[in-house]
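Note that the chains are named A, B, C, D, E and F in the order they appear, and that numbering of residues resets to 1 at the start of each chain.
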Amino acid sequence: MKKEMTKLGITLALFASLACASLAVVYSFTKDRIERQNEIQLNASLKELFPEATVFEPVEGLASSDPGVKFEAAYAIRTDSAPLGMAVKAKGQSYGGDAVLLIGVDLRRSIVGVRVMELKDTPGLGANATNPGYFVDKAKKLTFPGQFAGKYLTDPFEVKKDVIAITASTITSRSLTNIIKKTGDAIVAYMDQMAVVAPAAGETTDNVAADSQNQAGGK
Amino acid sequence: MDLVKIFLLALLVNNVVVMRFLALCSYVGMTSDVGQSVGMGFAVTFVTVLATAATWPIYHFVLVPLNLTFLQILIFILVIASLVQLVEFYLKKNVPGLYSAMGIYLPLITTNCAILAITFENISFKYTFIQSISYSVGGSLGYLLAMVLLAGIRDRIRTSPVPKFLEGTPILFIATALIGIAFMGFSGLIK
Amino acid sequence: MVTTILVTIGFSALLAFVIGIALAFFREKFKVERDPKIDEVRDALPGANCGGCGFPGCDGYAEAVATGRAPVNKCTAGGAATTEALGKIMGVSAVAEDKVAVLLCQGTHEKAVAKGEYVGIPTCRAAKLSTGSVKACAWGCQGYGDCVAVCKFDALAMGDDGLPHVNYDNCTGCGMCVEECPQKILTLVPRDRVGSIVLCSNRNTVKANVIKTCKVGCIKCELCVRSCPEKAITMVNGVPVTDYAKCTSCGICVEKCPTKCYKMLETDVLGTKKKVPVMAEA
Amino acid sequence: MSIKTFKGGAHPPERKERSEEKSIERVTSVSQVVIPVNQHFGAPIQPLVKVGEYVKAGQKIADAEGRMTVPVHASVAGIVKKIEPRLQSNNTEGLCIIIEPKEPEEGESSTDFMPPLDPFTCSKEEALARIRAAGIVGMGGAGFPAHVKLAPSKPISVVIANAAECEPYLTIDARTLVEMPEKVVEGVAMVMKIVNAPEGVIAIEENKKFAIPHVEKALEAFSKARPGINIRIQELKTKYPQGGEKMLITAITGREVPSGGLPMDVGCVVQNVGTLCAIVDAFKEGKPLIERGFTVTGAACKTPKNLVAPIGTLVSDLVKAGILEIDEENLARVVFGGPMMGVAVPGYEIPVQKNTSGVLLMSRDEAQYYTEETCIRCGRCMRACACRLSPALLAVAVEAGDYREAEKIGLLDCIECGTCSFVCPAHRQLVQKFRVGKQILRALKQKESQNAR
Amino acid sequence: MKKLYSVFKQGIIYENPLLMLMIGLCSAIAVTTNVSNGIGMGLAMTFVLLFSEIIISLFRKVIPSAVRIPVFIIVIAAFTTMVDLVMKAYFPDLSKSMGVFIPLIVVNCIIMGRVEAFASKQKLAAVIADSLGMGLGYTWVLIGIAAVRELLGNGTFAGLQVMPDSFQPILFFILPPGGFFVFGLFISFNIWLKKRMEVTARARELAARKEAA
Amino acid sequence: MPDKKYLLSSSPHLFSPVDTPRIMLSVVIALVPATAYGIYLYGFPALAVVATSIVSAVAAEFLFRKLIRQSMTIDDFSAVVTGLLLALILPPSTPLWMVALGSIFAIIVAKEFFGGLGANPFNPALIGRAFLLMSFPAAITSWSMPHGLALPADAVSAATPLNLVKQGNALADVAKYFGASDVGAFYRQLFMGYRSGCIGESSILLVAIGGLFLLGIGVIQWVVPVSVIGSTFVFSLLLGMDPMLGVLTGGIVFGAFFMATDYATRPLTPLGQAIFGIGIGLITVLIRKFGGFPEGVTYAILIMNAFTPFLNKLRVKKYGFVPPPKPAKPSKEAVK
């Protein structure tokens, strides 16, 4: 009886250790890649927002004015020589739960682009925010996040006015717009605080000046 | 997130069967009779909770400290399989009444993917122990609910002139599709 | 990496060892005796769950056989092969009789008079219950195919003539149809039986009444009884019955029967033998 | 006086007007009688006479030992011609004694009645023995032996005379009330005496109001002759199946006969008015049950009538004798009994039996029939069911062959009144299903109890 | 060789695990919202099936029957984990969209069933044919279901726009109920197919018998 | 025995004149006022939707039955009812091909797949709507303001009252949106019918008249409508929502009278029906308050449909019910 038991145990143990050993080998090879997976993806997204960027430097100290919007990570983005702008991974309440967005703002205080990283929503409605084939403006082929590119943070960001809503998903549209706006504001405030200014080159300066004036008026 | 929300989320919104397609084999096989489906449902609930109670600590107090989280699949399935086996042995010997009510379903449970999925998700959703229990109770009761609902419909269409080409299993999937359509109403209920 | 592998191996080996021992241990400790014969018997059964044996499905019969409560020759669906197999397992030898179902009525739409125009549920049982019998003959086949519906072996089919026809190749003699028939006019006959049989169940003793109702009914003339050289035929409950111990298949009764309700089993009914070559037969 | 009723039920077209006004006609001479040997609900009995024998009217011609048996008497004086199986009004072939009437020889009486007996003075045993000897069975339909019903093992508080006559078409009970109210009242009093009940109720449906004054008059006369007997009239709402024993008891007393129980379990005895008249005859004249009243009606009957004829009279003989005229062209269905519970028979060459309350000759227009459609689950049957069963669900259980479930939800409680089939918009043959189901369930149970033994 | 081919063919049609044996259904419906998922899942499954069967077949003589099941589980789980890890590392999107269903390969009845019923009794060559047949049978059904669902529900095939622009995708098909619906019809079709095959087989057999007689 | 064959059948031999086509027709008649008003409010598109829905429902049933060679049941009008009901719970601006698709899905999948009339476990019209809502969420939630019979150049898209409330607007603002002076007037307006919404649910008055007509002629019973409307009111109140608005909008009245009372999918027993109705009210309110949809009647009824087989077990005690199982007959279990 005892011998039998031991035999069974040992057989099992042999198989298990063999299997696990081979697993461990595979694991060791894939481990790094898996762990860096998020980072790789994030970098890819950042790269999409700022194609000419070479350095993504994590920064801290951004403050959110809305308790519902949290910043998971913030990066100062530059080329080897000059700053380009900032990008923030922000998480906030939306229609079907938390949404995670990546928002990039350039030095002119305008939005470079928005990437929806995570969104739980009704397929066909709110989920269209992540659908690259869904255009809020069919003529211009603008997707919902796409329409923010180039928008200045001094704009009103009001859904159904300057922001085109996803059909029949006003709530999603509003909450996403809110996250973008709040994040953008925080970035601008941070930039102002750090006094990051766009390289003085012609017309852009005027814009910045105009922006800061507007902003002052807004506050 | 509070426990009730987790419970309802698992029970209705993300019902393991009609929304997540888990445990379909037993879902199709064990619903020809309402009583049977209830028996199976409770057996699964019992084992799921037990499995959660066993796997959660193993993961957090053994695998994580030892840096062996990649063994999760192997360990969990082993634990569940042995658990089921032990429960079966135990019931057979000591609680024959319960065994005769539930025991016949036990061997089927080992390969019930709902249980394994729930234990995996407890980990990947980063639930606390209590939350995990709540999630597993909700999820497995959701399984029970789906089983019972399908059993009801099967009972209902027992004598119906279902078209020949759908008789048997196909109509069950169509029925499940309709249950699923109804359950879509729960979507967005919990955020 | 090496550490990882080592830790893994150590851990898993330990765990597996423990589980292996535990399993073996509990298997012993919680052992519940179940007669392995039950499984053996169950495996030998065809698994049609037809209930022909009179037990709740094959499992029920398997248990009954294994515990000696039931004889091994009850499985009609499996036939002789199964019986032999079961006999081997149980250490007894018995041969199941290979039977087939025969319909004791020739009252087709044409030949039997209908009582009225029945417009209820189209099953034999319902028809019989609410009309006594849809045919003027109270004993005749109702012709709604209850027997066909219960047959699990595709051995029965309703003919255009209003009677069920048995496909003797498929018939296993499970007796479900015999059980189901509300008129009890299906009967089980050994497949290899030879001799004459009367295909009529009419027990009405008044000749005129039978003539009125059916062209192929037994009119109680008792010619068969009188003409049988072996004295093998007797009237029982108003219908002639052949004693197969005495019957020599001479065919006199069949020839004599004025309404042609006497038939030879082996040639006319079961077709196990070619007809006596009186004429050229295809 | 409040009008009482029960829950559920339906209102089939009444169509009583055809024969309602026709007084009862007595049929005296017939060319032959075909008397089925077994006309009661209970153990079968055997003929006592031989072919060729001469019998007197009222002579016992078949009987057997046993509690649940009732003898059968010759309904006319004559010669026994044949004893052979014949088609009876329940559609089965059964042994019948065929008698050809023949005048008795000079000086001989043509009848063989028992001496009169006073039920108010004789012992209970004597009275019951008389009722059995007179061959009385329930004349409403089922043919339950009256002597068994009147020997309850439990105390009885109410005797109910069932004159509800809820079946459409039939009018014989109403005519009996109009023409022989005193007999009905006396019959109630006799039954009350036999079962020792303090109260008697004559239950009449609203649509037979015209009979009430007659009964009231008879009651008045009776209470003068025999004071202290408490009999009253209870008016009931016109509704089918108001005349069902259980429904009647519930309507009048508010009690419910327990499932599987008998009226005596709630202290009631219910007797049809025809039966009561037969009981009166049995005591006062010593006359056994050899004739009965019935209605012949239907659109294919040119002469709707209420008749009293010897038991065993063939309806076809009545036609031959010119008492009835039938529109043969138009006749599509012949029903023995009422349209809701009666039996459709293959012709009218069938004898009137002890439980034949009417013969319907339905025309093509009347004789509707439909093919079953699928159940739309409208729930009408459930609302109509007088027994509060769920016919729709029962039918599913029966169809699926799940007889255990069917029993659980009350298959055996169904009284087969036919209300559910009547109201079903999909024309489901519910009652027929239940009959089949009951038969199979009973067979199953029997098998089981045998196995258990 | 012919025998191997027939073993291989079994899994693809006659004993197709999803449509005929009706096992391993969960993943089949869950991941078939698009064709690439279907392909990924099918390959992952085939990989695990193939290697588990090979290992079990190789070691079938040394595994004591008492610990048979635990050993099987260990082997299967190990290969499943490998697939999971590799997927996570190199196909993160695919891995994400299939979620928990990759780890759940471990309890897929197909694998357990084949290992228990086939691999533990057969030689290596047959086992390889069997697992490839089964895996392919699984995969083609997956791709079939996924193609229908993706085409109708999203207007694309493996992510490529195929339907004309004017086509409005019927989202029902990529939502869970649509999965059940399409799968139900697939089984129905297959049952019909099976019946047809049986009928023709019987007819052929009868004809052959007649000829012989 | 005469040569002539008489009819032989089981009793009863009389039948009520109320049959299935008649019942279905009466439902159609009851829906006429609401339909007519819907068409009056939304003009030609609404008419087109109604016509398309009915035609495709009938055609689908006809062709399917033909295809599987089953008896033809078109003449029972049930497909017409399903088609009409489906049309009435769709926005008037629904593209016609979607209407047809929904109608076909409703008839074939929800009804015929399960064996046709009476065998469907879920209400076909609601399945049709839920299917469309799932498949084309945007199209099925685009509402327009009533624009009368005139053909509009371009339908003005609008929100439904419940949409607005769900978005967090105050009731008074919602009233203003629909041009009502105050909340009371808004209620009256809702009751009479001017608002954005489905074709059939606009006028509560006309819907209720149709429902009361069906109640009056005994086609439906009071339990389900009363429990649905009542429980919606009560639960709205309990959860702090405006109960009047809850009842007057979102098709509660329409659903209560015409959808929840669908024969095949509601429980048969009175107690079961009461629980069924209360369940619908509760789920509707929960979905409105917490869920993803502004109105929840469709899903609430479908969800309760799934429970119907169980609610059917809540029977009234049969006549002469004997409560405890007799020890002599241990096999006879007490009926619930």
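Here is the rule we go by: a residue touches a chain if its C-beta (ideal position, glycine included) is under 8 Å from a C-beta of that chain, and two chains touch if they have at least 3 such contacts.
These numbers come from a predicted model, not from an experiment.
Taking the definition of touch as given, a chain qualifies here only if it contacts chain D and chain E alike; those chains are B, C, F.
Looking at the partners of chain C and chain D together, the chains they share are B, F. Steps from chain A to chain D, taking the shortest chain of touch contacts, total 2. When each chain is reduced to the average of its Cα atoms, D sits farthest from chain A. If you average the Cα atoms of chain B and of chain E, the two centres end up 22 Å apart. Inter-chain centre distance (chain B to chain D, centres taken as mean C-alpha positions): 60 Å. One finds 45 Å separating the Cα centroids of chain A and chain F.
Mean C-alpha position of chain C lies 51 Å from that of chain F.
In chain B, the residues that touch at least two other chains are 70-71, 74, 78, 82, 160-161, 165-166, 171, 174, 177-179, 181, 184, 187-188.
Those residues of chain C in touch with two or more other chains are numbered 4, 8, 11-12, 15-16, 19-20, 23-24, 27, 115-116, 119-121, 126, 129-131, 136. Residues of chain E found to touch two or more other chains are 66-67, 70, 74, 77-78, 81, 85, 171, 175, 177, 181. You'll find the chains touch as A-B, A-C, A-E, A-F, B-C, B-D, B-E, B-F, C-D, C-E, C-F, D-F, E-F.
If you check the complex, the residues on chain E that touch chain C are 66-67, 70, 74. For chain A in complex with chain E, the residues that touch the partner chain are 7-8, 11-12, 15-16, 19-20, 22-23, 26-27, 30, 33-34, 37, 40-41, 123-124, 133. The touching residues of chain F, counted against chain C in their complex, run 1, 5-11. Within the complex, the chain F residues that touch chain B are 68, 70, 109-110, 112-116, 119, 121-122, 127, 130-131, 134, 283, 286-287, 290-293, 296, 298-300, 302-303, 305-310.
By the touch rule above, chain E contacts chain B in their complex via residues 22-27, 29-30, 69-70, 73-74, 77-78, 80-81, 84-85, 100, 103-104, 106-109, 112, 175-181, 183-185, 187-188, 191-192.
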